[in-house]
Amino acid sequence: MMWLNRDIVSIGDFSVDEIMEIIDKANKMVQYASSGHPERPLSGKIVATLFYEPSTRTRLSFESAAMRMGARVLGFGSLEGSSVAKGETLSDTIRIVNSYSDAIVLRHPAEGAARLASEFADVPVINAGDGAGQHPTQALLDIFTVWKESGPVNGKSIGFVGDLKYGRTVHSLSKALSMFDVSLYFISPEELKIPKHIKKDIEKRVPVRETKNLEDVIEELDVLYVTRIQKERFPDIEEYKKVAGIYVIRPSLISRGKKNLIIMHPLPRVDEIPPEIDHLPQARYFKQASYGVPVRMAILDLILRGE
Amino acid sequence: MMWLNRDIVSIGDFSVDEIMEIIDKANKMVQYASSGHPERPLSGKIVATLFYEPSTRTRLSFESAAMRMGARVLGFGSLEGSSVAKGETLSDTIRIVNSYSDAIVLRHPAEGAARLASEFADVPVINAGDGAGQHPTQALLDIFTVWKESGPVNGKSIGFVGDLKYGRTVHSLSKALSMFDVSLYFISPEELKIPKHIKKDIEKRVPVRETKNLEDVIEELDVLYVTRIQKERFPDIEEYKKVAGIYVIRPSLISRGKKNLIIMHPLPRVDEIPPEIDHLPQARYFKQASYGVPVRMAILDLILRGE
Amino acid sequence: MMWLNRDIVSIGDFSVDEIMEIIDKANKMVQYASSGHPERPLSGKIVATLFYEPSTRTRLSFESAAMRMGARVLGFGSLEGSSVAKGETLSDTIRIVNSYSDAIVLRHPAEGAARLASEFADVPVINAGDGAGQHPTQALLDIFTVWKESGPVNGKSIGFVGDLKYGRTVHSLSKALSMFDVSLYFISPEELKIPKHIKKDIEKRVPVRETKNLEDVIEELDVLYVTRIQKERFPDIEEYKKVAGIYVIRPSLISRGKKNLIIMHPLPRVDEIPPEIDHLPQARYFKQASYGVPVRMAILDLILRGE
């Protein structure tokens, strides 16, 4: 496959074979993710991280990945410090940063920003989240986590719990997983159900089950993917508390699951996973976060060196 | 000439020979500006970028130049994150950062800040814009762009259009160009004419023509240097719209110019150059922005290694 | 002693022998502090600087030290640009950055934050100031300055002047110095006296003298450690002015001191040391600030390479 100079805009741009190629390469990078690649394959390269909205985890994870490969990093972590106040368009900023760097990692509040940027840049653009749109490297590191921590993706039963209506992560990850041979479970309150058009699309390819009760399906799951329920989604704080309380993950619930169940979360978490869960063998969300580095090392190497 | 440890405070500090030496060196750097200098001549050096007001383009351009030469970069991109809130004077901050770095790139809202800083630092200070004062590396990259994109500076007819009253860029660039054998055209509304003292100074050395009508002179120009007209300069928004509308660069106007006319702009642009111009062969403003890297690579090498 | 992977949380965690080992190593680093260690011993390592409140001097000093040793740096310089707004706990952020870096430098407004962080990180945590708590590398560079600029610490008479009540620096430094064979002088207005429990603790080990009058003791001092008196501590601005005015360091006062007296200050200073003092041979506060680099180079090398 052609990787050199390729933009990473949407997880939907990748075939299953391409996803598996990234996973395979990321797996080779794991050994270098905490010590640095001994050959510094990206030495001399500059990665620009343009974060039009703050996201510490994603930004630092990309920067760590770039540095572990020997590249250097420049950019900004928030709008303060950028020229946007002077009224510059995104396309002009991209055209300029294009001449300062070898790859652009873009986080932007507007859906479609990364696609637009990729049209104005000669260097490859990586979408690090564009509003309600895509965050493909998050989906890739999530799939890598399933593969690494739970074994082959095919055959897995994967449940998403929490806010499935607004969660960008759930939408693109469940779409990507539906390209594999999996069963998907969507567990949420009525108010936060997965959008119908996404569910319909997924149902064409894999079995889907929707429920309000995590208890009803916990025994069937190989992977429990928990997401945060945001207060702001509820007009009434009492309503929020009631709903949020139901989806807090308790050890007693986990003990009813499969022996090899793993718990994932895109983080940051608030109350939906209490600290007592952290010590259970099922908890893999910090491991998951750590996989951001090898997955992004693999992606940077693929698009900057083509292999 | 002695370059080692030299401060870059004002374009007025340089002779024509020195400017040509920088241009010559920058030209050699162009080939390394997008891939990095293979010898990493500034390896082990630290460049501090102290930006007391944000300027993404200038900061990232300096950081890219430093990294392309093998140097490392530390600093801040805006006041948030600096000690200024604690009441520290600029001279104290400079004396301290002096011991953390090998060169200081300073952006500051107060005119004269860079000169002051250069008196308190042992390491060389580069002025990256000090309020209404100077921005010498911008002038140098502009002259480099003329030279590279249009040929020898001597003999050129160069027109400045837009806000010539408040534009720091126009003031120092036109002064610098007047050391060469050029003709200068100042095209602006009555309200935004170039200050008399600057015009008088320039007229001592080169022919100057002043006009309100770009149409009257477009056929004579080799270089059209466009600047932004800022809304804030006009008490009446209707007045602004009338003036700004006149100086929008249209393809029909450009088609009347010389075959080899080039269009420059220090960026960011707003409405004065519409996107339809971007695709014309005359448009060189993104090229101009990209030359910030090789010009700054040359300057950093000259002052940090002396050659 | 075991240094590899050790957390640097409180100056109280170190024995006199360990402090002397750091001083000895820092002294060897001085020659590399402005040019970079030729062997780049920390090449391939990543140092994370997480500054939950801005402190330009401390952050840039750590970053310079890391870079001079060949390491790379990522992080944030202020809360803007961090995930804290999304409600993430410090312990979760630490667990994640733990997988992005080889050492974490933490500045946090809450006392005890660094100790907490060290419990959640596998990589070593360096406390770069935690509210009213500790700032151990500041104390270490202060002791290094005494040793380097004034000779062996044992036998010295060291006076602290200014705000001794709220100054974190004075508290931890005076405690650390009391492990040596020194005499300590606390010179302050009634309102800003050193807290009784600290004084009592110190008096167990070394002679202490407390006074309001710097004139009374200036002739006895080898080291005069000046601190800033903050306006905010006084309900009445007139009261502040009266007090602050008394403790301004004048050349006439300094001339009455020992020939080898040195003047230190943690910086930033405001009015307590006027610029006319800067040129006296006694003024060592900029030298002191510069020693932040070799001391932090030594610490990073000890905890990242164990030697």
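Order of writing sets the labels: A, B and C. Residues in every chain begin at 1.
One rule holds for everything that comes next: contacts are C-beta pairs under 8 Å (C-beta built on N, C-alpha and C of every residue); 3 or more make two chains touch, one makes a residue touch a chain.
Keep in mind the model is a prediction, meaning the values are calculated, not measured.
Peer 1: Please state the rotation angle, between 0 and 180 degrees and to the nearest 5, that superposes the Cα atoms of chain A on chain C.
Peer 2: So the angle, rounded to a multiple of 5, is 120 degrees.
Peer 1: Looking at where chain B touches chain C, is over half of the residue numbers used by both copies, so same, or under half, so different?
Peer 2: Counting shared over all numbers used gives less than one half: different.
Peer 1: What is the distance in Å between the mean C-alpha positions of chain B and chain C?
Peer 2: Averaging C-alpha atoms per chain gives centres 40 Å apart.
Peer 1: Multi-chain contacts only, two chains or more: what residues does chain C have there?
Peer 2: 80, in rising order.
Peer 1: Where on chain A is chain B touching in the complex?
Peer 2: Those residues of chain A that touch chain B are 44-46, 48, 72, 74-76, 80-83, 85-88, 92-93, 95-97, 99-102.
Peer 1: Once bound in the complex, which stretches of chain B touch chain A?
Peer 2: Chain B reaches chain A through residues 33-36, 38, 51, 54-57, 59-61, 63-64, 67-68, 73, 77-78, 80, 267-270, 286, 289-290, 293.
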